[in-house]
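In what follows, a single structure is set out as structure tokens and then discussed.
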């Protein structure tokens, strides 16, 4: 069941749950994956930036991937395999594909600048991991400092047949989606799946530009699933209303650095994971920030009852 | 009437209106300043990034500053004087202070990295322009790539008495405001005015953290004035409701690059300026984006009648 | 006598001499230009980074350009016109071309990343200044953080006929010269002049790769002229010997930041200019560094008598 | 035999030799370490940037460290343990210290900007690996984009007692050494060992500024050992003469990207390792560049017979 360019819907980016002592929290993994399944996800991505992948030892990465894949059943699981060298990338790829992953996600190292450098990196990476493994381009300039022009993405797609998906999180990024879809209509690029990241900050208009769904870590993936479904059903205004109700919290969560702490806190408050713990180095959340998130949840609950969470201990 | 550390309220960042042929549109300047005055602004900032300052010739910069200062009456006008060299910065400062400016705003050049480098830059800049000119630090890492730790801002404030205001647009930035206000409570930093930029994206919580108001270019400065007033009056929930209604548009406008085009377009639709024209190099707005902004305005108008703008020709 | 793609030899990058009080030192300009003429320069570049251009007011820039052009006689003078906006770039270009400049040099703003962004910037710049003004691309990633792939340079050359020269200072950069010359042999790029910057740190091999000469500020432009001449005359080993004798000082001078202070100090010691003064913000040279430069000159004088300078007062 | 602040002399940065098929070449490791011992090295560093550390799998890193430590006998071996997360850093540190390493080297992640961020990173890292493990700060802004002010280094040294050495490769960097040594004389910083990197490009003057030696990968570590010894013996002019003879090659090797290929090639030509192979992603050397290196070796051999290498097959 490999990943294909026809993937649609919502692939939540899963955080890696930890116990307060820093060990991996497998019970929370199970609960979290069950939640993703119930709320209508069409896939899952693990071991991305949000998953604190660089803080895991190699064997732990495999343990997390194995557990998620086991629990995800029929759902395709994409595994982040970004690594400073191709030896590690190939090793991790072979292991996780052996465990049943549907594909891998590769982010560019932050030293790349020119179009040729970006293309050559993906070209060499695919030589290393093998051209039979479906892969996802992660296009996230804000974090990686690498800017991929639409023409570079087209070149990667056209010259590397195993490229099936773009995790789109350029900012601003709406015109980029339009340009890529225009390439497809012009038949200068073969079709790919475009799922949007960046916590969904522009998902309301990204879907109208032609995106196939979301691939991000917002703490209400059920809302993301609703939006994609409602847009598909033609309930455009209702989709905007629901999205706008979530926007104050979503924006707060999208902040670099502290964002992960907020996401884990909200997922804990919702009962999806047991602890908000991160591995070090971590950007914790102040008491003041926690109060602000509580207030955002309280106000959101007026519009969406799923935000009515148990009082914080 | 020089700028002091007691400045509060909303200092809109004014764009520079152009005719479609690229000349300065003085009629629109007059209308725009009148609008700022009517809606409750407590000051004004011109010739910032948003004002396309680097695209103006020196004499044009003076012409814009002169016109705005004349029209602003009693309102303090801050002028952006950031320049690659201190000779130009001093020349522009002397001219605009002579024209009646209340102070100047200085952004750091994007080569600064260490704490000492940042402090030394401001130290030398103030030697150049004179320690009798009130100045504003512009702290905007996303655009300038310079990160100022709270301790650096404290050092600038304490060692350079003419520093009276921080234009705060770090992202994330809520904890920074709390830290600076704590410095003041601990009496390790003298008080300064903190006004928030970044299109107001976190103004709802920045005010609760201790900010004195806003200093940004959102196309509804009247809304920013309302929020500051309502928070001061204790209408906390109503302020959040109004802010949240604007957030979808505000977020759209905060996008780097295209943001200026959106702001000028909305200000034109609102009748505040006559043309949405920018000088080159410019980031124009696509027809698709214009449709999205129209939709955002339409939806906003359900909550705020000021968004009910004339149909676009 | 406009600049053409047939330019060869050495175009020194001229510093801007100042009096100790920061005013422009016109007497030193005259002496310096006379020196450049005597030592065999084939052109001159003023108002580059090394010329502290951003620290000059507009009228001063014109004064410097005018004086240099007057004194340079038949020698083509290229003027740096890099500016944050196209209005200033056009204004400065028109003025200096009117004064008799042979062409202009344009550096990219440090926000450009993708190939398209780089090309579009030059495209728009040429629209602004006019396609009849010969221009030089400045390719200096270490300072400008912009990386131009050979294919981008080719695109600029082919689509913008007024591009006649590349100031090559990529690092490493030898392969880039080979690639560009291969484009010319393949007839996929029309011929351009390639002159090398970066203080000449690799000039010994850049000439063998196909460069036409040097365009840099090393304090012994007479040595640069010798090297180019000797290579042209087939005196390859002698050219290497002379270059290697200068390399210890040349390398010291090539340091970012302090390099300008070293260059001005050596030019003062050599009697080419009267003062080593820089405008602020400046990176001065410590007494310790001055002693090191004196030692480098003393050692160089064993091989090149031109380094036998008067004892420092 | 842990590393202390009294370390002096030359700690070569060892490349990781590979067979042409990409496997680790243990025979070459043995020969290389024997060479380092014979030429007068006082220590060794493995698994740095030059050692292609990020391209090794975890078990391979241990294998390389183990082999080098075994062969190095009494010589202290420093191991690079830089990693994206503290879990991996701690794991690698514990393993290599168990194998007999003398200490570890830690480079900052390239996201750090402010003084506090740099200090906090080292503070957290030392919490993770344990305060009983001697560590080396790697200060290499050109590669890591992190600038450490002297005051930050002082703070790390004073607050983290296990910091014993600075691998100094700031550029320019001479004043930084002087400032740090002044701190020691003022007794505001406890003494540390300062060994210089950056391929030794300024070693001639760095030693006179107070550096204790070199810690870099130049392909003639025997020359580096000579320079340090000659300076210590008061043979100042002779040391400069030898250094200057090597400077043309040394400069060529110091180029980013291609530098590793050049170093491995020269070490192969000298018989120190068997293959010049790198793991991918690699920056290979063109035939043209190889000819230039051959020429640099030929010219160097006139002054230093160690450069008289066997003709290339």
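Before moving on, here are some points about what is shown:
The first chain written gets the first letter, and so on, giving A, B, C and D; residue counts start at 1 in each chain.
Following the convention adopted for this analysis, a residue touches a chain if its C-beta (ideal position, glycine included) is under 8 Å from a C-beta of that chain, and two chains touch if they have at least 3 such contacts.
These numbers were taken from a predicted model, which means no experiment stands behind them.
Note on connectivity: the fewest chain-to-chain touch steps from subunit A to subunit C number 1. Computed centre separation for the pair subunit A/subunit D is 38 angstrom, with centres defined by C-alpha atoms.
Centre-to-centre spacing of subunit B and subunit D amounts to 47 Å, using the average Cα coordinate of each chain. Centroids of subunit A and subunit B (each the mean of its C-alpha atoms) stand 34 Å apart. Multi-chain contact residues of subunit A, defined as those touching 2 or more other chains: none present. Taken as a contact graph, with one node per protein chain and an edge wherever two chains touch, the assembly is complete, since every chain touches every other chain. If you check the complex, the residues on subunit B that touch subunit A are 171-172, 174-175, 178, 201-202, 204-205, 208-209, 240, 243-244, 247-248, 251-252, 255-258, 286, 288-289, 292, 299. Those residues of subunit C lying in contact with subunit A across their complex are 113-117, 147-149, 151-152.
On the side of subunit D, the complex with subunit A involves touching residues 52, 54-58, 60, 83-88, 91, 110, 121, 124, 127-128, 279-281.
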